[in-house]
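Shared between the two complexes below is subunit A, which pairs with subunit B and subunit C, respectively.
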Partner chain A sequence: MAETEKTTAAAPAAKPKKEASPATKALRKVVSDVYAAAWTAKEQGRPIGWSSSKFPAEIAETLGLAVVYPENQAAGIAAQHDGERMCQIAEEMGFDADICGYARISLACANGAITTNEGRRVPRPDFVLCCNNICNCMTKWYENIARMNNCPLIMIDVPYNNHVEVDDSYVQYIRGQFDDAIVQLEKISGNKWDEEKFKQVCANANRTAKAWLKVCDYLQYKPAPMSGFDLFNHMADVVTARCKVEAAEAFELLAEELEEHVKNGTSTLPFPEQYRVMFEGIPCWPDLKALFKPLKGNGVNVTAVVYAPAFGFVYDDMDSLCRAYCKAPNSVCIEQGVDWREGICRDNKVDGVLVHYNRSCKPWSGYMAEMQRRFTKDLGVPCAGFDGDQADPRNFNAAQYETRVQGLVEAMEQNKLAKEAKAQ
Partner chain B sequence: MSIEVLLNEFKEIAANPAKQLNDCKAAGKKAIGVLPYFAPEELVYAAGMMPFGIWGSNTKTINRSKEYCATFYCTIAQLALEMLLDGTMDQLDGIITPTICDTLRPMSQNFRVSMGDKMKVIFLAHPQNRAKEYGITFCMKQYGNIRKELEELKGSPISDEAILDAIKVYNKSRAARRKFVKLANEHCDVITPIKRSAVLKASYFMMKDVYTEKLEALNAELEKLPVCNWKGVKVVTSGIICDNPKLLQIFEDNNIAIAADDVAHESRMIRVDAPEEGDPMRALAQQFAMQDYDVLLYDPASEQNRRAEFVAQMVKDSGAQGLVLFMQQFCDPEEMEYPSFKKALDEADIPHIKLGVDQQMRDFGQASTAIQAFADVLSTR
Partner chain C sequence: MSIYTMGIDVGSTSSKCVILKDGQEIVCKSLVASGTGTSGPDRAVAELLEKSGLKKEDMSYILATGYGRNSIDWVDQQMSELSCHARGAYHLFPEVHTVIDIGGQDVKVLQIENGAMVNFQMNDKCAAGTGRFLDVMARVLEVNVSDLAELGAKSTKKIGISSTCTVFAESEVISQLAQGSDKCDIINGIHHSIANRVAGLTHRVGVRDQLVMTGGVAQNSGVVKALEEELGHTILTSPITQYVGALGASLFAYQKALKK
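This part shows the complex of A and B:
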């Protein structure tokens, strides 16, 4: 999971390409800077880390360590159409084609394969940071990276949760691991833990989270002042730079731009919004154009993505930080998963739900069928599912996708007519 | 009892789990389904209930579980749900659902949702950082939840003594199975792959004290026999499960004996015993903490290739000439470890084949060709 990508290819915008807004440019720069900082660190002989998207970034940031994020990198590589080739390299190494595409791309990189996406090249790691809250695939993936590069792995294990509440035993267990991770990373960085700096880092992360949520909330307007698909792109900042003040500032700038759009009745969506849907799952990065085409053709705007509530967490001390990291999209029980989604569906007034059965992501697809039944029942909106893959284009069938979108549009149309008839 | 009689009994039991379940219920015992992996079955035993292993099925077809599962889910998980939905498991009073892989995590929700009030669905999340004190504490808490749920079903507390007693029964049972695995290697003319599998599989459908007694009787008989002078080849098997008699028949047809195994359903589950004194809940958590060399578990020394080297060593120690890996389709943990596994085997000059399998496999033509060719290769070594 854990999205990302701020390339032009990842922005399914109108042709001819409009110049990006100042906020969009700022958001892109924040991510580019993260990659640049890793190269600088390498040149200066400082250690660099590879981290899973929902590892507590606060720890490495407090210790001043340069870190890059393989999931973000893989999304970028896939969006720039180098995913299939990289996946195949991993398959030649012996990794099965059924393994998550992000993992395959990343494992190819970890073994020295060089991507054609220059902006997403990263130095080899000196340590890896693994948090398996989003999936357990992470655990073996990062163990493999550590093995290939003979470097230490710092592990934060977040067990799956069967309840909406996070039990204190989870917090204690994770807290113990946080404390160990700090000691390990103190050694790696050569820096001492600084409580004041940690507070500042947390304040930044909270500010980013709040600005992110604010941006997401603009999708509640009807019509929306932006294409919700853009949120997938902006996830890159949340993943790679949530502890940096620049990310918070860039999101705040974006919120201002959206406020302007609302005032002026304008939108960055390159077509008039007729229907509003939730897009469930990660987009198929290699096929963004194909993904966007029937949406555009039918006036469908994505006004809800689950990343909004899933990444917009705010906390105030180490224990609440532990609690926050327990709640990742794939670590929560079905009730929490449904609640997050139905909340944004209601707030953002969706007419339907488009579900990506993502071949790469077993944890994400695990209780999707049941969730889909619940959305239909609880929200009274139609749902349509399609088969795809976030990184491997061989698993996406554009024709099936178009048919499913078409079916969804027809069902939304019928719903609309029925509602109008009732109102009369 | 003669070896033949004992082996037949194990075969009957392994092939008819439904009968075992019926008998258990008829005797007034409660039964708890135990899904893979590493659930503390000792607690079920201590509660006076029968732990009933659920590792999919070799004869069922995925049908009802499609309503819950994506197509790219392993058949073990899907067929487990299938049997819960199609009535096969209706007599169970509850199930325990561990969540150690990406398939089992969300499947725990499907089990809970689909079973509704039909039976108790007892959740279990193991800690991967298991050896540190915080890991043990977390594990104890999780096991404590299971104990509570079982006590609710039982209607009375489970005493510490009962758990300590269960631990002893289980340690004894594991020891007997480890011994059997060794004896099976020494007497591979008598304990053929199909028979070996049935003996180990039967343990999932019996009370462990009864099972162990029977197995110890078998072991005693085997010990009396002279070590066999095996003319065929020997392999170590690896993977999640390989209990399909049709598949194992191919081994027998090609004079391939199983010298030892790194199979989750078999030896991976019986490698580690629990301490027999002190706080029994802690003992069970410690047992999990000591589990090692498993694709499903985090390895704190992951920059090394310990698990693969451990298995390579097992091949050497057991006198096998090669290894057969049964790769369950859609099993991430196994798939993720394959390149490292291959590396260690190659470095140790151990030939291996990887057979893609799933539990809905009905045509074994391809597997047969591959196994036969492999046997030919091994016979020249």
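This part shows the complex of A and C:
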């Protein structure tokens, strides 16, 4: 039963930390290498760029430019508990506490603040790449980074799409900007655009996307061979290294490991899976333990996250690349967003939905009330929302969260019983 | 032999207990106006046992609920207040489909099907729209919380009070007082402010007959009336509204006792 029974509530004895699997180690190395490459470039006097997560990385990669990703950096800093301090530094600089926590952390870094997370320190940028398909906060955030560091900003504007299909006029508009970005980055890098290399980079990115989707699909197994929370960690590779062959190889290795688990009936989830949920939104990085505790306590596995369909794009030329970059979670219409999520909820057989009303991410949280309504209506599963923040721990309350999780579990249980009774 | 079960609802501002006989008859109930982290829960249990003449050992099953449920470790089981309010409301109103519970520091709206909670919504982090909001306002107005309903009913003029933030609303009330506004009108404005916020949450779940309000704030007829106006729907309340969570807990305890 869902609730905490005295008989089962006893905490298991603390186990020694399990060693990471070869695939997990490989995935971590791919990301560390991205940061290391930026430092090497700096030492060698080559320019380095700071890029938003859904800027067409294929362009910088083709031109051999070293690039780091402030969103990934901010997540890493927050997860290592330096987010609050960095946010406060940005607030002292004059940035409002209501601004996205990733932006605040990054702006503190852009101004020279040094994080305690050594692995996520980056050299100051020589150019900045921003694509606002992520959100509009990005635009001002990256403008500020460029201004603080007195360096060029290459901005790609992707309009919000209120249709499911991407219109040709969108493609033309974005294509023009991609072409212009290439010209600007040729100047910055001192390298000429090489169509053959571009094809190879795209092939790598497609291979990564396919392997990523394959990994995500393992969550369809019941019980799942892993926790969907792992995907949030692995997202770092998709963001920072999707054009690199090493990322594709590491995901392929992970898929092999998961295949083995399925064959053997084992899982990396550290508890038996009783319920399956979609976790909506970015996790509260500073509070991962608190986030995980009631899920573990109630046997709840996260088997669906929207990142799976939102980052698994495959394309074959510059125009289809433009189309792919129109489809970021917050730049698509609600119908598309609901469709992605409901598809994955069905495929991955979820019993409920846990929604993070993320104080940092207004665009993502704003549409969730309507989405929740649709999930309940279309999928017949209960949803619970909780308040939190991806980077600023001041916006999360563990006790409130626990009650909501327990409520969700109790509602899922009731739902299950009702369905069973109906079936009989 | 009769089966006795106990439900304990440890809220943020008060502790409530109920002893149930054979899953039907409320034998005894107690309430202490101190909640989790205080001596309130222990005192409420002691008072309950003294009044009923029963002992803990006479209970077949004891179940704790409420914000502080996990702070009492000697019970048989803990469950969320969401399910317990749903269960208690269903016992009192078998036709219930929607429950609004305004507690000390949160608001819940529950969707009920055949007595079971199938979906719910809770307030965000802000205390606006909760019992705490009323406590803060009563203090500023120098009146007792229990007098708010009666005073608000005397209002003759509509005054708008913000529903977005307790601290903002408090300063609005202070400036209304400074401008010489009538306390009764301000109180009525406060009731509507709560109703406005809770109505938004209720619409997310959807209103279906019967609509029942539980929790301590349901004793305030001013809030209930304002909420009825906002929702355009009749709201049912029970004279033992404060005990609905504890009642639900004792009913779940009874189910468990039968399975034991």
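By our rule, the second predicted complex is superposed on the first by the 409 of 424 C-alpha atoms of A that agree within 3 Å, B and C clash if a C-alpha of one lies under 4 Å from a C-alpha of the other, contacts with A are read in each partner's own complex, and residues count from 1 in each chain.
One rule holds in what follows: a residue touches a chain if its C-beta (ideal position, glycine included) is under 8 Å from a C-beta of that chain, and two chains touch if they have at least 3 such contacts.
Since we're looking at a predicted model, the values are computed, not measured.
**Student:** Using the touch criterion from the header, give the chain among subunit B and subunit C with more contacted residues in subunit A.
**Tutor:** The partner with more contacted residues on subunit A is B.
**Student:** I'd like to know which partner A:143 touches here: subunit B for first, subunit C for second, both or neither.
**Tutor:** A:143: touches subunit B, not subunit C.
**Student:** So, does A:133 touch the first partner subunit B, the second partner subunit C, both, or neither?
**Tutor:** neither
**Student:** Applying the document's definition of touch, where does A:357 land relative to subunit B and subunit C: first, second, both, or neither?
**Tutor:** In the superposed model, A:357 contacts both subunit B and subunit C.
**Student:** Contacts for A:417 in the overlay, against subunit B (first) and subunit C (second): which applies, first, second, both or neither?
**Tutor:** After superposing on A, A:417 lies in contact with subunit C but is clear of subunit B.
**Student:** In the overlaid three-chain picture, which partner chain does A:369 touch, first (subunit B) or second (subunit C), both, or neither?
**Tutor:** Once the two structures are laid over each other on A, A:369 reaches both partners.
**Student:** Have a look at where A:73 lands relative to subunit B and subunit C in the superposition and call it first, second, both or neither.
**Tutor:** Neither: A:73 stays clear of subunit B and subunit C.
**Student:** Take the contacts of subunit A with subunit B and those with subunit C, and give the residues found in both.
**Tutor:** Of subunit A, residues 357, 369 contact subunit B in one complex and subunit C in the other.
**Student:** Show me the residue ranges of subunit C that touch subunit A in the complex, using the header's touch definition.
**Tutor:** 67, 70, 75-83, 106, 108, 113-114, 116-122, 124-125, 204
**Student:** Spell out the part of subunit A that touches subunit C in their complex, as residue ranges.
**Tutor:** So the residues of subunit A in touch with subunit C come to 3-6, 357, 369, 372-373, 376, 382-385, 387, 395, 397, 399-400, 403-404, 406-407, 410-411, 414-415, 417-418.
**Student:** Where on subunit A is subunit B touching in the complex?
**Tutor:** Touch residues, subunit A against subunit B: 93-96, 98-100, 103, 132, 135-137, 139-144, 146-147, 149-153, 155-157, 159-162, 167, 169-170, 172-173, 175-177, 180, 330-331, 333-334, 357, 359, 362-363, 365-370.
**Student:** Which subunit B residues qualify as touching subunit A in the complex?
**Tutor:** Interface residues on subunit B, with respect to subunit A: 67-70, 72-73, 99-103, 105-110, 112-113, 123, 125-129, 132-135, 137-138, 141-142, 295, 298-300, 302-305, 327, 329-330, 332-333, 335-340, 342.
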